[in-house]
Every structure is written in structure tokens, then in C-alpha cells.
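Naming follows writing order (A, B, C and D), and every chain is counted from residue 1.
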Amino acid sequence: MQRIINDPFHVVEDAISGYLKAYPNYFAKTENPRVLKFPSAPIRGKVGVVSGGGSGHEPAFLGYVGHQLLDAVAVGEIFSSPTAKAFFDAFREADGGKGVACLFGNYAGDQLNVKMACQLAELDGIPVKTVVANDDVASAPNDQRNKRRGVAGEILMWKTGGAKAALGGSLDEVIAVAQRTVDQTRSIGVGLSSCVLPAVGKENFAIKAGTMEIGIGHHGEPGVAVTNLKSAKEIASLALEQILPDLPFDAGMEVVVIVSGLGGTPVMELAIAYDTVAALLEEAGITVHRAYVGNYFTSLEMRGITFTLMKLDDELKELIDLDCDSLGLTQIRRSG
Amino acid sequence: MTLSTTACSGRALVIELVEAIEEHTMWLSEIDGAIGDGDHGVNLTKGFQLIKTRLGDDVISISQGLALIGKTLLTDIGGSMGPLYGTFFIQMSLASRDRDLADPRTFALMLCRATEEIADLGGAKVGDKTLMDVLVPAQDAYTAAIARGANLDLALREMVAAAERGRDSTRDLVAKLGRAARLGERSRGMLDAGACSCALILKVLARVFSRAR
Amino acid sequence: MQRIINDPFHVVEDAISGYLKAYPNYFAKTENPRVLKFPSAPIRGKVGVVSGGGSGHEPAFLGYVGHQLLDAVAVGEIFSSPTAKAFFDAFREADGGKGVACLFGNYAGDQLNVKMACQLAELDGIPVKTVVANDDVASAPNDQRNKRRGVAGEILMWKTGGAKAALGGSLDEVIAVAQRTVDQTRSIGVGLSSCVLPAVGKENFAIKAGTMEIGIGHHGEPGVAVTNLKSAKEIASLALEQILPDLPFDAGMEVVVIVSGLGGTPVMELAIAYDTVAALLEEAGITVHRAYVGNYFTSLEMRGITFTLMKLDDELKELIDLDCDSLGLTQIRRSG
Amino acid sequence: MTLSTTACSGRALVIELVEAIEEHTMWLSEIDGAIGDGDHGVNLTKGFQLIKTRLGDDVISISQGLALIGKTLLTDIGGSMGPLYGTFFIQMSLASRDRDLADPRTFALMLCRATEEIADLGGAKVGDKTLMDVLVPAQDAYTAAIARGANLDLALREMVAAAERGRDSTRDLVAKLGRAARLGERSRGMLDAGACSCALILKVLARVFSRAR
């Protein structure tokens, strides 16, 4: 396994240690070694915004801790949920007296641990409310949306929820905005290669050369179809065919688009795919308000791509456009 | 501090639970060993000993004692029982906070929240050969008793009896959840470890609460 | 080849098209399809700052076109120099009447084409001066530094040169700052896998599983040694052993550090390597003023890592810290 | 416009060069074919035809004509000769800009800058079997002549003679640079294509400049 690591059982600790040293402007240590917080968190009078999940998805989750974004994250082992204690400690680090919004993805482990963390928070009198991202259209039919996994669309609820909190929103308002973001967001992934968990040392699933898996999950969960490897144009249109009718996204709408690599994809390929996404959306009469093309939510060194669309309304647009500063996402609105 | 306040304190609750669990470590592990992985007694004992250490010399309320137990199990004990019993005790703590423990409705609320949240978390139903086979009949018996006008003591006694019947009922069940489920039919004929520990815990709780006058 | 592309001979065009659509805030089209400029370039009265090079290194080069960074770039085919015409057109797009600083890397093709572009600029009366980055310590001995290649250290001269120009520096001042940046910057790369040029379809060099190549170039140029794959700690110390004595970097100095992935490396591995870099620098009494850990200068899907150190002085520090906004690098100095 | 200004204009320069190159297309390509890839004549002809198209009906100065040739070769012609001849003409243009073309020192400066920049760019020396085997002796002959006090006409004639001797000298050389270098000893016995086109170009330049009075 061609990896730059020390001990395969210690990668998360080592990476956290490196991030803390590299970015003291974004990350502060907490009592819990598996919890990182934004240095100025908790901010008195602001709703705390928290997420967390397994490692190996960098810059998610910790890369979205930042100014007007997340206040704290719980960090799990590679591809596995943080403990309930880590979520709970993240709540405590983020709580500025107005409660905490925990915005996380729909995975059994995360669900269980967040639920338990919420009980611990209740014991301590910290009001916590949650939003569960389920943007992955490939993971269950539309009428069973509560079974769908959360993927790159999570970033958008962190962005809008973080912005709403920064602008002084109440816990209910932050939750409402994050929930609306999730409700209006759809994603799908396409895998071109597998990845290897450092502590396992061999692939836990396989994608044959010359094929691709449509609808693959962030941990290699099986998708909706394995097909011949197609062109970027075909991949992008297949993705939109799944996403557009699901909301549905219609002519006249304004959207945010994320095209994210899964870690091992050369970034120029993401731009190539976006080229078609933009063309197809224009054809469909859908306006792209803002696009993010890069490695925003990865799966170790997996080759592949995820497509995410979010329907905007006036409030969400303002929140998406608000300045933010983090390792994974920094936006400035310049006057000039 | 009088004997009676000590007796109905969280401190007593913790210490009596630790003793009960320690006393039954091997028994619980053996039962789990027959159809599970044999760590149930050891797991719980490790957790409760840690709780005792954390208690130190503190004098705390029942609700605080329940919280201490729940938090420790949730955060320091793995397996299925960390989250499940963690939830059990935390919900009991939340339901008893700032309430009159002598009022039988308090214990009713505690049982109800604990049972509901465990069901929600673990998804087990009566008949699945889990601690739900103890909890649900215990709760039913208790609420039926106070609905009938029984006092706290009597209601608790009826609850314990129902819990023990529930525990014994698991012997003839086939496990539907957890590790033992993999055995299918072969899981029949042995008690369920979680059901045994749950009946034990309810018995201690009943003892402590029946002193809460 | 597991790629998300359309035509292997058209990847650069397709990617440029995608970037233009995704980031109208960073990129504007020019008459030359191989030249991108910052939308507000040229800025009257500001020295234009230009770079360029082969594609496949994204976010380099185009990702550093931005606010207080590069004004325009010339885009070459994958791993090959832009044409002289493209460099020349980039000069014209960037020239705001105070001349143009062309800050590029030490590769034969780039050297030749920039030289020719400078002649074209001279014909048109545009004053152009150049700085050639040669930060790669593995590519030639210290006494033949003019033979060394430019790698991730190029980003730092774009940052300081771009900042100096933004602050109103003259062409000579911008050139002086960029040259000083190069003079005080050292890099080395370590390769763990090769990469495949889309139009070639097979590896043009190989790295055996279980081995790594110390000193590898950005296009797979052979390094100083092929060894067994080592731990992150060992890799980081080997890198510093090459870099530190070369300047030399000594106790008491302040530095900027870049730890960049080569494209296929999971980003958490970069953080793991940085952890050791930071520890070793601390031991050596060297203060890290700012660290960049991420995919800043890649080589398609190559697995591997580059280490870059730059010695600061007061002026360079101010320039490094100046706000900037681009696809590859966005920095905000917040008051709070 | 009088005949004389037309004659010494950039327009005439361009047209006469295009004609000379077109006339020798096949010859140059054949020479390149013997030890190179056989595209030299075709490459140059393509370039110069494009230059003629770009010229259109424009009336331009010598310096502008040289710039037009240099720019077009540099930006539109690949291979080795695009950059090398592009540089040649651009440097000649820059060296002649706003200068008195009748002053023999102007052409000396043009030759000097062109030769130096080509040497710098391509790294070729006399004896490497390239156009440098023409350029260097041509420059030497020209400067020696004007140092002796020769007039422009005479100096240009001596330059052309030296260029042609240089061209012929390449026959006995082994190529050290460019494509032909791969043949090693086998490159001996044939002229160098670049040397041939260079001698041709210098001859046209000499003709145009000798009218520049």
C-alpha cells in the first residue's frame, strides 16, 4: 500500500496532530483528542454548529470548521462514526449559550452516536437539535428518502447553517435553514476505483478497469449500476438524469453545484465534467448561481466524482454567498 | 446526614448496583457465552467499577447517580450494552430530575422513557430475546399496579416479579437481534444475558426506591 | 485508463471550458483560447503578473490567477510548455501600462517560449522581466542552481510577486521580490506512483509497489534515489535533510512551509507528513510562520508529496500574509 | 510612392523573401530529407505564404516587415525554425527600428543581435552543422569589411560570399544538434538545410539593403 503514514492504526491521531500544527488559525485542541474546534468557539450568543463523521473524507469534516461555518467537529476512525462522547464534547465546545445545531450525515453509526450524544447534552442542559443529510439519490428511492445517505451535499447545509448562525439566527432558525438546504439538495457519485483502508491493507470492494459504478457511496457502498466506463459527457448526463427529476429541478430555478473529486481524481477531470454539467443545466433553463469544482468531500484515494445540486431561494442564496474561512472552503465577497 | 437520606441517595444506588453486578459477573458472562461472545458480565463489571471510581466520596442525588451511571456506560463501555444501558440510565436520570421520588408516577415516567428510548435505539421488540423481554412486562406491571391504586412499594414488587418472569421467558425464545441472532434456532434453550442483567438492575432499583420515603 | 474525460487529445480545452464556466469570478476568456485572465485584468497602473506552464498540475497554474495574485496565465498541453504566442498574449492581457513580471519555472520549453514571447513583447513595446523558479534541490547540485527545476515553490513567488504588484510596486520591485522569494525557497518531491498522460495512455515511468523515489520531478523526472517505501516520519526527515542545509535554513529563522500532494495522495497523508515537518523544524529552532498543506501543485493522479520551505524576511512576510483570492489559494486576514 | 521607396520598403523585403523561399521549397526539403525529416522547405514556405497573406496591401517599413516575418514565424511555425528564424527576424527588426538603413552600422547591429540571440536560444556553435555555420562567418565578413572602410554595398557582397562558403562548409561536418545529430557520422556528406535557407535569406536581405540608399 503506497501510503505516507506511520502506523496504520494511528493515522487519524497523526493527521489531527498535523492539522493542529499547520492551521492554528482554523483548529484549536479540546480536552477530547477527537474533537477539534474553531479557535474562537464557543461564541457567546451564537448558536453552535457542529458536525462529525468518519475520517478519510478530508477536507470533510474538519476542513469545514471555520469562520461562519462549523464551530466544532467530532472525528471518527477512518470511515467510521465518532463516538457519542466525541459528538457530545463537540456540542459542549460549540455551545455559546444558544444551543447547538448538529448537522450530520445519514449513517447508522452516526445516527446512533449523535442520538446518544444528545442524551448526554440533555443531561447537561445543552439544547441540541439535529439535521440529517440524505442527499444521495442513489441510496434509496425517492419515497424512502429517510434511508438515503448523506454525501457532498452535507457541505451545503454546513454553509447555510453556519451562515445563519453567524448572522444571529436562533437554534430553530439554523435548523430550519439546514433542513431546507438538505430538502433542496440532491447528489450522486460515480466511482472509477476503490480505495484501501490503511488498517485493512486491501480493497474492501473492487471496480474493474474499464468499468465504473454509478451511485457509489462515500465508502464504496454499491450503487445503482456498474457499466462500461463512459466519457465525461456521458457521466455528467447520467448523473443529472438521476438528480434533476428527483427534486425535481426545473427551468427557471437557481442552483448551487458541487462537482467533487473522491480523492484520487486529477482535478482537471472535475473541470471537464463540470463543463458538461453547466451546458446541460443551461439547456434545461436552470441557472447556476455558484459552482464548486474540486476535492470537497473525498474517500481516501478513490477515483471518482460526485455531483451535487441545490435549489436556491432568496435566503439560502444570501447564506451561500456569505463570506467564510476554513481549510476546505474560503469565500470572500470583494467589492471590486 | 441521616441514614435515611443516605439510603435513598444516588450514592447508595451506585454502590448497590456495583455490588449486584460484581456478584453476578461470572453468571452473566456464562449466559452470554452460551449464545453470545461471553463478555456481558465482564463488560458491565468494568463499567460499574469505573462508575464507583468516579463516584469517589461524592454525595449525590438519585438523579445524579443515574446520570453518572448512564454517562459512564455511554462514553466508556463499548458493545451493545454501552449505548443501550447508557440510554436506560440517562433517561431515568432525566425523568427523575427535580421530581418527588416518593410519588409513584416518577418511577413510572422513568421506566417509560427508558423503555421507549431503548426500543427506539435498538429496535428490539418483545419476543426478540433481549432485555426488552424484561423491560416491557416490568413497565406494564408497574403501571398497572399504580393505576389500580397500589402504593410505590407494592408496585415495585410487582414490577420485579414481572421482570423475573420476563427474564425466564427468554429461555424459550429464538434470538432475533444482536450476536445471538446468528445462531437462529440454536439460540433457544438458554437465557438471554441482557435480560438477566436487566432483571437484576430493576431489582436493585426497586430496593433503593422502596426506601425513598 | 480510469479517466473522466471526453477526448484524450482535447482534455486541456475541455478543462479550460469547464473552469471558465465554473468560476467567472476568477477567469475571463481572452482572444487566445490558451490564455486566461483575471476578469478585472489588466489593472491600470499595476504591474501585470503572469505565469504559465503545462497542464496537469492543477490548481497550478490557472488556479493562482486571482485577486492580488496572477493577472493572466498561459496554458500548455499536459506537461508541456505553452507556446510563445500564449505567453505573449498573456503579457498583453496583463499589461496595465507598468510592464509585466513573468514568473515561471525552469524548464527548457518554458524558457524558450518565454524568451520568444519577450521578444514579441519588446516589438510591441511592453516591458517584460522574468524570474525563473528553481526551487527543486534534487534536480541539480547547489553550485548548479540554474539547472534546478521549479516546483511547488513557484506558488510562493506568485504570492509575493502578486502581492507586491497589488501594493503598487514597480516592475523592478516586483521582480526583486519574486527573485528573492525564489532565492530563499527550497523544495523536494517524493513519488509513490507514476501517472499516465491521457493522450499516451500508459505510464511513462514506473515506481514499483513498496518503493518510493526521492527527488522526483513534477513530470516523473528521475530523483536522487529509489528506496523502500518509508514511514511518513522518515519521508519528512529525508526531505528536510535535503532542504535545510541547502539554503541553509538555520535556527532563529522564520519560514513558510508548503506540503503539497501530487494529485492522487489522500490529503490526510499530507497532514501526517506535516506533523513531522513541524516537529523537526521546532527542534531545529525554525519558526513556521504559515503552512499550506493540501494539493497545491499536482501531477495528474501521481501519488506522492512535495515539501517546500521559504525563508522569510519582514517584507516577504507581509506579502505572504496579504489577502488573496483565487481558485487555488484564498486568504483572508480577519480582525476577529 | 516612388519606385525607390517601394524598393527599399518592408513590402519589397517580404515579397522578395517569399519568392526566394517558394522557389527553393523542394530543394530545401530534399536537403533536410537526407539527414533530417524533410520538412524544412515546406515549413518555411508555409510560414512565408502566411506572412504574405498577412501583409495584404500594407505599405510598411523595413523594420515593420522584419517584425511581421519574425512574429509570424514565432507564433505560427513549429519545429526548430519557428523559434530560431522568428528570433532572427525579430532581433533584426528591433535593431533596425528608427535607424538609418543607409548607415552600414545599422546592418552590422542587426546581424550581431540576430546571431547572438540565435546562439543563445539554440546553443549551436560554428561546426555544429546548423545555420550558425552561415551566420557567424557572414557577420564576421560584414563587420571586417566595414571596419576596413568598405561601403554598404561591398560589405553586403562580402557577407553573402562568406555565407555561401559557410553553407558549403556544412557538407563535411557531422551534425551536433537538432534531428540530424542522431545520425552521427552518417550526417557527413550532405549540406545542412538550415544553413542553406539562411544563406538564401541573407542574400535577399543583402539585395534589399543594397537598394537602401
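Here is the rule we go by: contacts are C-beta pairs under 8 Å (C-beta built on N, C-alpha and C of every residue); 3 or more make two chains touch, one makes a residue touch a chain.
Remember, predicted model here, so these are calculated numbers, not experimental data.
Participant: Tell me the fewest steps from subunit B to subunit C, where a step is a jump to a chain it touches.
Facilitator: Tracing touching chains, the least step count from subunit B to subunit C comes to 2.
Participant: Would you pick out the chains that touch subunit B and also touch subunit D?
Facilitator: Touching subunit B and subunit D alike: no chains returned.
Participant: Looking at CA centres, what chain is most distant from subunit A?
Facilitator: That would be chain D.
Participant: Please compute the C-alpha centroid of subunit A, do the same for subunit B, then give the distance between them in whole Å.
Facilitator: That pair's centroid distance is 38 Å.
Participant: Between subunit C and subunit D, tell me the centre distance in angstrom, where each centre is the average of that chain's C-alpha atoms.
Facilitator: 38
Participant: If you average the Cα atoms of subunit A and of subunit D to get two centres, how far apart are those centres in Å?
Facilitator: That pair's centroid distance is 62 Å.
Participant: Give, as an integer number of Å, the spacing between the C-alpha centres of subunit C and subunit A.
Facilitator: 28
Participant: Chains as vertices, touching pairs as edges: which of line, ring, star, complete or other describes this one?
Facilitator: line
Participant: How do the chains pair up in terms of touching? List each pair.
Facilitator: Listed by label, chains in contact pair as A-B, A-C, C-D.
Participant: Quick one: in the complex, what on subunit D touches subunit C?
Facilitator: 67, 70-71, 74-76, 83, 86-87, 90-91, 93-94, 117, 121
Participant: Which positions of subunit C touch subunit A when the two form their complex?
Facilitator: Going by the criterion above, the answer is residues 2-6, 11-12, 14-19, 21-23, 40, 55-56, 58-59, 67, 190, 192-193, 195, 207, 209, 212, 229, 231-233, 235, 257, 259, 263-275, 278-279, 288, 291-295, 298, 300-301, 303, 305, 323, 325, 327, 330-332, 334, 336.
Participant: Which bits of subunit A are touching subunit B when the two form their complex?
Facilitator: 83-85, 88, 112, 115-116, 119-120, 122-123
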